[in-house]
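Encoded as structure tokens, the structure appears first; notes follow it.
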Amino acid sequence: MMPVGHYLFLSFALFIIGAIGVVTRRNVIVVLMSIELILNAVNINLVAFSRMFGDVHVHGQVFALFIIADAAAEAAVGLGIIIAFFRNRETVLADEMDLLKW
Amino acid sequence: MLDSIIFYFFAGVAILSAALMVTRRNAIHSAVFLITTLLATAGIFLQLRAEFLFIAQIILYVGGIMVLFVFVIMLVRLDVPLHHITFRFQKWVALFVAVALACEVSVMFWYVRQLPSAGLLTPPAPADKLPPNSEQFAKVLFGDYLLPFEIASILLLVAMIGAVVMAKKRT
Amino acid sequence: MHDETTQKQNTLLGADELVINMGPQHPSTHGVLRVKLKLDGERVIGSECVIGYLHRGVEKIAEHRTYQQFAPYVDRMDYVAAVSNGLGYCETVEKLLSVEAPPRARVIRTILTELQRIASHLLWLGTHALDIGALTPLFYCMREREEILKIFEKYCGARLTTHAFRIGGLQYESYDTFEKDVERFCKDFERRIQEYVDLLTGNSIWIGRTRNVGILSTEDCIALGASGPILRASGLAWDTRKATPYAAYDQYKFEIPVGTKGDTYDRYMVRMEEMRQSRLICLQAIENIPAGPILGKVGKVLKPPPGEVYHSIEAPKGILGYYIVSDGTTQPYRVRIRPPSFINLQAFDKLARGHLVADVVAIIGTLDIVLGEVDR
Amino acid sequence: MSPALHAIISFLETWWVQLVSGVLIVAVVPLIAGYVVLVERKLMADMQARLGPMRVGPHGLLQPIADAVKLLIKEDIIPDSADKVIFWLAPVVSMTAALVSMGAIAFGPWFQVAKDINIGILFVLGVSSLGLFGIVLGGWASNSHYSLIGALRSTAQLVSYETAAGLAIISGLLLAGTLQIRSIVDAQQHYGVWFIFLAPVAFFIYLVASIAETNRAPFDLPEAESELVAGYMTEYSGFRWALYFLGEYANMIVVAAVATTLFLGGWLRPFPNVRWLNWLDVLPALFTAAVGAYCGYRAGKQPVRVQTLFMWAVAALCFLAALILAATLFVPPLQAAKPGLLGAFWFLLKVSGYLYVFMWLRFTLPRYRFDQLMHLGWYLLIPLAIVNVFFVAVAMMLETEFGWNRWLALIITSVFTLLAAAFLMHLHDKRTAAASAAASETSDSYAG
């Protein structure tokens, strides 16, 4: 069977890639997508650990579902903000969002 | 055997498309690669016998959230000049972040190796012997985690209202 | 009007608005109309009709043809109502020559023109319904239109560009079973029209798509010069057939249907009722077709006295006017045609603003334009 | 024998049925979809007082094949400014999603690719909803305004109506108590009636929502011909276009199969537990025999000899099928095949009936406008579906917790649901009237 370390490594790799995306991309939409990737990486961990404790153990999966719900909430609000911002400033680039108030 | 082939296949697809996602210049391409990653992750959930989560990932993540992303990308229709796509000096920050995180995690891996039994997954029973995953899931979700479930639904409600307020046309 | 800044805030995202080219090749611009639509999301915030893709210089051609030679050209303007075009032209030239068509010719002209009105409205109904997404009425309408075209074919040999009339009357005597054919069609048509009513009139989707879409008030109609069913749907009972009767219309009883709100649904109802009224006119006319000659006293070579004349008829799409200036030669000095479609099309921008893309096709449909006539 | 080879062989031993049926689906569904198109055209012609395709084969029976060949050899056009990769990918996504979701559907008790998947119906829903990406990406990649508007429309439409469809399905699932497709059908056998009689409102919500989900008239706004030329497919031609088309029809079959499974009793015959209706088992054989007889009758009237022969061949096939169906009833050694074949017959019959309703509506109704479509979805269907889920749950609770008679509970809650539906309809009518009045005011204000 697969050692749990492999899942951890996969999760870690996705997390790093997501983190790099968050730091380097200017397009806020892509930044948001990178955050989704990070959340997704966490899900892999949770499910793998859940599985580690046996076939009928689903607590970790429930956590993962909560994270999906959270991701949905984040995406909705985040994209709402992006649309509101785009309407006013006609940009979605992070470094052009340089005012606290407009 | 089959299990590990499936795992490595999906893991490879996930990592590859995740890497492509952060490097593509076009936001739609990024979204497509993120979808691929999410689908590959769903495959890994299936390989872990988390069937309900597999379909939840597809319906909610891919069919819901990503549609929203693609929709917004198409709505804002921006044509960013290609050389403007990343911060110039940010590459070094990124490298630093990656290296720092890698160090941290390698320490973690080191400790994992020290653990007895090395965290092996228990071998799965044949699929038809397993209790249905969705029923298990529901029992735990609506039993042990009823309160968090309600809180999550309130969170979603708040997010929904927030998104509507944010995106509404100001008149 | 709006200046640049206010317009920007009106769009969904404050970003540049979407400009869509509808046509000249588009399934529902009824030929080669091209509409440049400025969209905010799907809402129309501005429109511009680009016409001229079918321009053939009909008015200029007239200056180099004799009066008889030009008659077939007018068939090619509103090519789905060629008989009406011909009637208008022939009557105008007759007015210029001060001759009158004999009574028999006038009655037959009336019958054919009313049949043509039904045919034109049928084509409008079918394509309008198709634009709004109802597939089936088109084929039913074509079925009935086919009957009318068969009558035309039997009468003069042509179905579309009929050139049915001659200056001074008719060239052809009506064929043997003419009355019977027309009567059979009219009897049958009552039942057929009920089929369209069943399919569309009460349908809630149809009402939703047409009610309150493209409202044009009577004042706007008059200001824009819109005529025909569009004017009547806005509530003004103006019909050239009643106002200044021509052909044999003064002999028959018929109603002028009017609408109340002037929206697309009213225009639909008005045209449907006009078809019924045309049917009644045909039925009245075939009861009593006077005997006698079919061609008045006109010479082989037409040399109208110098002068000018204007005459208009109620074509299916609105008021069709001809203004002819004669310099005493065999060829007109100038022919100016007032095509109803061209003038009605001016209302497009007013109708379309603020509506959705889907309504634009409904509005093009309800204006009932024929590009051959718009561009001439 | 090397271990790898051994593993492959043992893999094939366990999975060959699935593999073969999978290949079968991929190979056969396009053909079936082609013939669904032919049937649709024939039905449309019949309702519109004309004949429809008559040239290729007798009564146009070979038309789908001719169409396929034509589309295959057409020039493959990719617009210059299109995003080539995504343009290429989009129709494939659309088609694949529809075909994969078919894997979990049980076409009769025997024919199912993924047999023991315990999230059955959710799998079908989830995977078929991925087809949306085919549409959206195709619309975006074409780099045309019509395509983009079509794509935006379809995103909004599909997301909205999937919600309604999902909620409607939940009512059915509450009654069945399981997600597994077989168990759903078994539950209907256990109840003795199809779920359409227990949750009629849910069925109608699903019917409407599934039409919208498959982009069929009167909800075909993403590809509204008279408005957007062809919507997201405007720039597609040749085989890519054919893939979209096949995907759409395969999707229709999928939603019809879901509705059949969940609400129309799957492969059960009408009233599965009523003994004295057992003679209905003869119906499939009689039906196919009747079709065969009609083909034979028409064969004599074909103008060309080849066509006569072809019709005879079709008739012979029908008779053969009838013979097999009859044999399973009366020849003891073959009776083992009876549930499978009869089940498949009933299932396909119900799917066809459902598709017939799709087509019938398409030929009859005009198209909704976008705002009306959204109003219908969000103000009528989704609230109604929520109310319906609630009342079905109440009925289940009354039965299990308070010991009510099941039928009484279901009838009372159905009445309540219908009342709620009437109320919502009333509100909906009032709101649309107000909305259209407001719309006319806006257009007036623009005039100045």
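Order as written gives the chain letters A, B, C and D; numbering starts at 1 within each chain.
Note that in this section contacts are C-beta pairs under 8 Å (C-beta built on N, C-alpha and C of every residue); 3 or more make two chains touch, one makes a residue touch a chain.
Just so it is clear, the structure is predicted and the values come from calculations on it, not from any experiment.
What chain lies farthest away from chain A once each centre is taken as the mean of the Cα atoms?
Of all the other chains, the one whose centre lies farthest from chain A is C.
Which pair wins on C-beta contacts, B-D or C-D?
C-D
Just the number, please: Cα centre separation of chain A and chain D in whole Å.
35
What whole-number Å value describes the gap between the mean CA coordinates of chain B and chain D?
Averaging C-alpha atoms per chain gives centres 31 Å apart.
Roughly how many whole angstrom separate the Cα centroids of chain C and chain D?
About 44 Å, centre to centre.
Could you state the distance in Å from the CA-based centre of chain A to that of chain B?
Here the centre of chain B sits 6 Å away from the centre of chain A.
Two or more other chains touching the same residue: where does that happen in chain A?
Where chain A meets two or more other chains at a single residue, that happens at 83, 86-87.
In chain D, what residues contact two or more other chains?
There are none in chain D.
Can you pull out the residues of chain C that are in contact with at least two other chains?
12-13, 15
Okay, in this complex, where on chain B does chain D touch?
Interface residues on the chain B side: 1-2, 26, 28-29, 32, 35, 51-52, 54-55, 58-59, 62-64, 66-67, 70-71, 74-75, 77, 127-128, 132-134.
What residues of chain D sit close enough to touch chain C in their complex?
Within the complex, chain D touches chain C at residues 44, 47-50, 145-146, 149, 153, 217-218, 220-221, 224-229, 362-372, 432, 436-437, 439-440, 442-447.
Which positions of chain C touch chain D when the two form their complex?
18-21, 26-28, 42, 45, 129-136, 138-140, 143, 199-200, 203, 205-206, 208-209, 211-215, 220, 263, 350-351, 353-361
Which chain A residues qualify as touching chain B in the complex?
These residues of chain A touch chain B: 1-10, 12-21, 23-27, 29-30, 32-34, 36-37, 40, 43-44, 47-48, 50-56, 58-59, 61-62, 64-66, 68-77, 79-84, 86-87, 91-93, 95.
Flag every residue of chain B that touches chain A in the complex, lowest number first.
The contact residues of chain B facing chain A are 3-4, 7, 11, 14-15, 18-19, 21-22, 27, 30-31, 34, 37-38, 41, 44-45, 48-50, 52-53, 56-57, 60-61, 64-65, 68-69, 72-73, 75-76, 78, 80, 84-87, 90-91, 93-94, 97-98, 101-102, 105, 108-109, 112-113, 118-125, 130-131, 133, 136-137, 140-141, 144-145, 148, 152-153, 155-156, 158-160, 162-167, 169-170.
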